[in-house]
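Chain naming follows the written order as A, B, C and D, and within any one chain the residues start at number 1.
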Amino acid sequence: MDVSFILIILLFGAVATYFVGDKWASKAALLFSTAAFAATLYVIYRYNIGEKVSYFHTWISKPRILLHFQADSLSLAMTALTTVLTPIIVLTSFGNMFPKTKSFYALILFMAFAMVGTFLSTDGLVYYIFWELSLIPIYFIALIWGSGDAESRKKAVVKFFIYTFAGSLFMLVSFIYLYTKTGSFLNTHLYNAHLTEKEQFWIFLGFFLAYAIKIPIIPFHTWQANVYQKAPAVGTMLLSGIMLKMALYSIVRWQLPIAPQAAAQYKYIFIALCIAGVIYGSILALKQTDLKKLLAYSSLAHVGLIAAGAYTLTIDGFRGAFLQMIAHGFVVVGLFYAAEIISRRYNTGEIADMGGIRIQSPKFASMFMILVMASVALPLTFNFIGEFEVLYSLAQTNIWFGVLGGTTIILGAFYMLRMFQQVMLGDKGAKVFADVTFGEGFVFALIIGVLLFFGVYPSPIADFITPDLQKVLLHINQIN
Amino acid sequence: MNTLIAIAGLGILCLIAEIFNLRKAIVPVTIIGLLAILGLNVSEYMDLGLNTAIMERNEGFYNNMIVNNSFGMAFTGLFIVLTIFLVAMTPEFHKGHKAKLSDFVAIKLFLLTGAIAMVSFGNLAMFFLGIEVLSISLYILAASEPKNLKSNEAGMKYFLMGAFASGIILFGIALIYGATGSFDNAVIYSAILSGDLPGWFFIGIVMLTIGLLFKIAAAPFHMWAPDVYEGSPALNTATMSTLAKVASMAAFFKLMRSLNHEVSASYVAIIITVSILSMTVGNFMALKQNNVKRMLAFSGISHAGFMLMVLLNPPAMSGVLFYYAAAYALAGIAAFAVILYVTANKENEDIYQFNGLGKTSPLMAATLTLALLSMAGIPILSGFFAKFFLFSEVLKTGNVLIVIVAVANSIVSVGYYFKLILAMYTKDAAENTQKVPAAYGIVAVLSILLTIAIGLYPDALLGLLK
Amino acid sequence: METNLALLLLLAPLAGFLLNIFAGKKLSRNLSGTLGTIAVAVSFAVTLFFFMQVSSTKEPVMVNLFKWMTLANFDVNFAFQLDQLSLLWLMFVTGIGTLIHVYSISYMHDDENIHKFFAYLNLFIFFMITLVMGSNLLIMFIGWEGVGLCSYLLIGFWYKNQDFNDAAKKAFIMNRIGDLGFLIGIFIIGYLFHSVDYIDIQNAIVSGSFDVNDINNMTWLGVATLCLFIGACGKSAQIPLYTWLPDAMAGPTPVSALIHAATMVTAGIFMITRMNFVFDLTPDVQNIIAIVGAVTSLIAASIGLMQNDIKKVLAYSTVSQLGLMFLALGLGAYEIAVFHVITHAFFKACLFLGSGSVIHAMSGEQDMRNMGGLRKVMKVTFITFLIATLAISGLPPFSGFFSKDEILMTAFHHNKPLWVIGSVASIMTAFYMFRLLYLTFFKGFRGTEEQKHHLHESPSLITFPLVVLAVLALVGGAISLPGSSWLNEYLAPIISHPAEHHALGTTEYMLMGVAVVGALVGIGLAYAKYIKQGFVPVPDNEITGFAKVVYNKFYVDEIYTAIVVKPIYALGAFFKNVTEVALSGFIFGLGKVANAIGAQGRTVQNGSIGLYLFVFVLSVCSIIAYIFLK
Amino acid sequence: MENILQQIGIENYIYLSTLLFCVGVFGVLYRRNAIVMFMSIEIMLNAVNLLLVAFSTYHQDAAGQVFVFFSMAVAAAEVAVGLAILVAVYRNIKNIDIDNLKNLKG
């Protein structure tokens, strides 16, 4: 069993989910996504004992495009993140009734398929294809099943689509240019493309546009808050939990090793931009009146920090970025789920209309609290590990980066606790708020369990990814 | 050559069938006949591949009037497939006037002969004949609803400007003839290689180019296209925007590859300018259109601009052009099949007619969505690969600027393609649904499946022109 | 065996926490509290065992569990170090912790969320143990942040009151400012030493592999210690990060006693003592510490003079005392600081618990203006409170006298101005503590009739810890008597440069005398004003002049709001209303421009064949012209 | 014929045809009556025919003249279609002024 099986399961699952009909669609989606996760675990197991799990197949002979799914620890880690979050995300949707259920769940699985493909592909064009493919399902999910006024939603979603599409086209041009240079799209070949500094700069920039819009890094973030707010919770979770990790992963997998000189030369600028995003997002989060928007800006701040870590070109930064990606994936899914539960029961997203929830639902309050604490990177949560390593690497690069990036732990606490206080605390408990159901509690428990376990014992993941990160770093350093 | 004769014969057969009151048999017979001819074409193509070791062997017929080579035969195959789709939709579309069915089918077949002549000519006379047969058939098709003033206007505009353009093409041919002393491609080619041609030769090439730019509707010679597309009956618009456009482009390419081997700098400048202009004008104008046919007309203009880029380096581009043409035309057929379904019995083709299609007819909505996504260049649909192959080849020629402009234009194009998709999925339908006619449904699904298939196996098409 | 025992020490409170949080609702109130108490008591017992062991063997117990974090240059292990310092801390953390748990069983008996209260308390103990036990800075940081979390949870324990929640939030955020400093300090230390383990760092300095003569190294080390000190400022409420501590009094009184007086707030002192070998290398930072400590001590004491809320007075007193400890740390007298930490833990916990007992009796009233004369009804509380007050005022033979006097003595030898400041603060302390005592326990009762009716001595579960603590406050000074100090000897392996011990000479006796006289002066003034004159502080709106400034804590909170919080919000508003709109508008603007071009273009396409042909011909002409002109 | 071409250079034939062609073009541009426009287009085509014949002589090659037949035949077919459309237009709007055909625009 190699990695292509994961893809096949998800693709087949998407089709099957569509055809089993509305009634069973959600169960089918859960089944297939769980199966994909099981398959991922099995593949990782095989990978660990040294068996072959990569899949190679020639697709198009000229131009030479290969269906190469080379599994290494980085891609496997991200694949595992995707396949573990997908069933969780499917689970979060269980309380809700969606029109056109089968299409909804089929799109979720298809999206997971595209995202896993993005993580696994080592051929640049195949990677790009998966990258773009993932955009289509999220577009429809946000458009059709989103909330709020249809016109403004449309506006937000179309903007998101065009914006990200525009960004990724520049990446495509970069890839094509590289192809004309090397005659191949395989990443290992592209790594050794021997580009001049000027070429590297432009290619780096082309990639950066694609990634900066997807992650997003300021000032390319304006699509984000609106889409997060308007999309259905599932869409928001897919977007923030997994999809933007595609871009962060790609920085390490594609952008930096392909243009290492540019990366080294301009890293201060890019780190500064990312850190500016951290502060900018945090301060903006303070002023939000809508819960999901607040979480969106907080996400902006966090991913900015992750990107900054990746751009430091240090092993700590890389590792921190990867760990933080995984941690952030879990915590953000949990937070948006909490936001969804609140807005489902109160029928509003406005923070001002909330309050006093803790009185009526202490369990929910506790779980939300833990998620908030994970989000502000309290030690012993998984987020702390990543954030610490990233900040450590930033501080090693330049102490001021460490200080300014570190403000996230202050500002993060500021806006998250403020939000928590306004939403959960106080005695404004006039409205009925039922405590978490078993299903909801189960999802939270899963997420919290993961966050705490790896917060205490992150070594399985950290040791798993470190060798391959070192390879990437070695390559970058060799060229410089 | 045999295909050409067979198709003309089939057309005549249609007309005779009407005389003998075999109206019901016309469409089935035509489709079966076309399939047979397609088979013939394929077998000839195989022979070509088997018999020669040379990549492109020119096999001449009738004093080299028609040349059988992989380029011509590949395009012939594509045209036949497109015609089958178009013919299949004819009876449903013209169910109001059954008496004229044979005319409509026969004209499409003659149009096909013109198209085939345009891609397999060996002599400028044949090229001229082909282009005129195609054009005259289109004039008729455009004006084929005599009581409808819009159709009249479309026909009139198309005819006047088309004839004008024909005059320019003819002038260009005359000048080339004057410079080289022959209409035969091979002779002209050798004359060019020997060099030392009078100055008017290049003027001739340019005149020819302008005429063909008109036929493919490239800016600034595009202004007829939106009006004619809008006014013509929808099925005929489909014919124009798919078959006619692709055929003209292929002819253009073939002509320029043989006549203009060494592309001069000023010619490149003209092509780049026109290409950029077409893409930009087409995409920006399409943004604010309400009429879907009109929007697709502008989209077609922009695609013409994209396809024009193949002229920057003709020797390497034939496969790319073929792939692009196939992807574009098949997506176009699929889109038009849905448009025909939606706008049947409606007074106009405005976007709001598509409201709620996602609910009322998910299959057709999905088909149209995929077709539009393909045109917008979203992977994994063939439209993406078309653009991708094109960009890679153009980048090899070093024209980075035009690629950047093309990319920017791709972004703009998403804007209007998505307008339609949004209407289908976010608005509510005004009326009750009507059943999807079998012909439209089958054509739509088949063509979109082909679009996806060639997206998954681009090699299948790219390999044809090696 | 040692590993298991150490784990038991660490995990017993965690088990208590889990038990209470998951099953607490189903347990009876008393059982919930009892379980929490037992959990801490177990830790205390284990601590006692280790304390005995280490006292005799003088060998620290090292426990290495597993690798926690991997960094480029070093790994960070989940490892613990039970040496003299950490055991000393553990002793009073778990010891006083147990007492306060006992106290809470009764104090919180009527609260609907009592199981949560004990859960949080247990969790706090767990994190405090982690903080103290860790063998490297990052494990300490776990505890450091964890106790912050528990502090947040407990200050905001009565979460229905948004003011309390504000206080909790403020505490957490201000702590986090310090935490950032701590983190940066860790980064630099990690960079300099390629390790964050205490032992490794110490070895590097001792063995010379860390070059102390390298100016670059030393500059960075200075920055590192400064950052660590900022961290300590946050946790131990020093200027400028002290304002959260008085607000933190919003929490239940046992919390104030445990977290905000005896244990958590001393974490900063623990950390600096832990890292004393590093701080010793950076005398400039030490000077800063001393000055900050002294100034904090004075300012907090002066604010304490005017407060009317019984817990607020104690809070400022805590800040002031912590300032004195930092003064000692800055002077390099680590063991003296530790000594004061311990005595302070005794008497301050006793004071807080006593005030809790008073508040309990007063049905939640905290304003001293409404108290008075309680000594008659609350004998035990009064006596224990009196002992603790005498201790904090620095009168012999109470414990506070010894520790405070040593600090002042050291200050006198090093830096006279600091000694003056410290002494003035001590006099103020004596004054406001006796003011508190007089207002609360003497004269007649000033509260409502209902309150008066309700007045009663607290139950034995409350008074028992009071008595124990009072005894400790009385005799605690014995661990480090001038001349023969058990503590100094005990801590000797930890402190790399012990403070100079001045033999008891004339100067020293004179200084003691001055201190005692100062304390008596403070007490006398208080007596004169509040007993003799029977003065009762005026209502809030009648306070004027400088008194008002002091009463309002020098408006420090307001100043912080104006220069930090408000600008951040203003910036947020600017970002939200200007930059976001502009950026978003720019992107939408591009779309609008494109649409506008399209709309304009439509007017060109006017339907006239004439125009079309004209454009056609014009284009042809321009192409031909281009060819000819080129 | 050779003599004539030797006396009057081939360029002059080109100029003449071009001139004639331009007359046709201007006719198309200038006139609004559809029939007159058709006629102008015919002038353009005939100008080209003239050129072809001239070149045919110049090159001593019959192909050019054959081509003229093609083009005449095509032109005839074209005009036939054109007139049919014209008739249809006339039936609908009762005149043949192309300025009345402005319904399709934008």
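Simple rule for what comes next: a contact is a pair of C-beta atoms (placed from the backbone, for glycine too) under 8 Å apart; a residue touches a chain by one contact, two chains touch by 3 or more.
Note that the structure is a prediction, hence the values are computed from the model and not measured.
Nearest to the global CA centroid, when each chain is reduced to the mean of its CA atoms, is chain A.
Should one ask which of C-D and B-D has more C-beta pairs in contact, the pair is B-D. Centroid distances built from C-alpha atoms place D farthest away from subunit A.
Centroids of subunit C and subunit D (each the mean of its C-alpha atoms) stand 98 Å apart. Rounded to whole angstrom units, the spacing between the C-alpha centres of subunit B and subunit D is 27.
Subunit A and subunit D have CA centres that are 66 Å apart.
Centre-to-centre separation of subunit B and subunit C, using mean CA positions: 78 Å. Shown for subunit C are the residues that touch two or more other chains, namely 591, 602, 605, 607, 609, 613. Multi-chain contact residues of subunit B, defined as those touching 2 or more other chains: 156-157, 160, 164, 226-227, 289, 415. In subunit D, the residues that touch at least two other chains are 25, 28, 98, 101, 103-106. Here the touching chains pair up as A-B, A-C, B-C, B-D, C-D. Residue ranges of subunit C in contact with subunit A, taken from their complex: 21, 66-72, 78, 138, 141-142, 144-146, 149, 152, 156, 159-162, 165-166, 169, 172-173, 176-177, 179-180, 183-184, 187-188, 190-191, 223, 568-569, 571-573, 575-576, 579-580, 583-584, 587-588, 591.
Residues 591, 594-595, 597-599, 601-602, 605, 607, 609, 611-613, 615-616, 618-620, 623-624, 626-627, 630 of subunit C touch subunit B in their complex. Residues of subunit A touching subunit C in their complex: 159, 162-163, 219, 221-223, 280, 283-284, 286-288, 314-316, 319, 356, 358-359, 366, 373, 378-380, 385, 388-389, 391-392, 395-396, 399, 402-403, 406-407, 409-410, 413-414, 417-418, 421, 424-427, 456-459, 462-463, 466. Against subunit B, the residues of subunit D that register as touching in their complex are 10, 14, 17, 21, 24-25, 28, 34, 37-38, 41, 44-45, 47-48, 51-52, 54-55, 58-59, 61, 63-64, 66-67, 70-71, 74, 77-78, 81-82, 84-86, 88-89, 91-93, 98, 101, 103-106. Of all the residues in subunit B, the ones that touch subunit C in their complex are 156-157, 160-161, 164-165, 168, 202-203, 206, 210, 214, 220-221, 223-224, 226-227, 266, 269-270, 281, 284-289, 412, 415.
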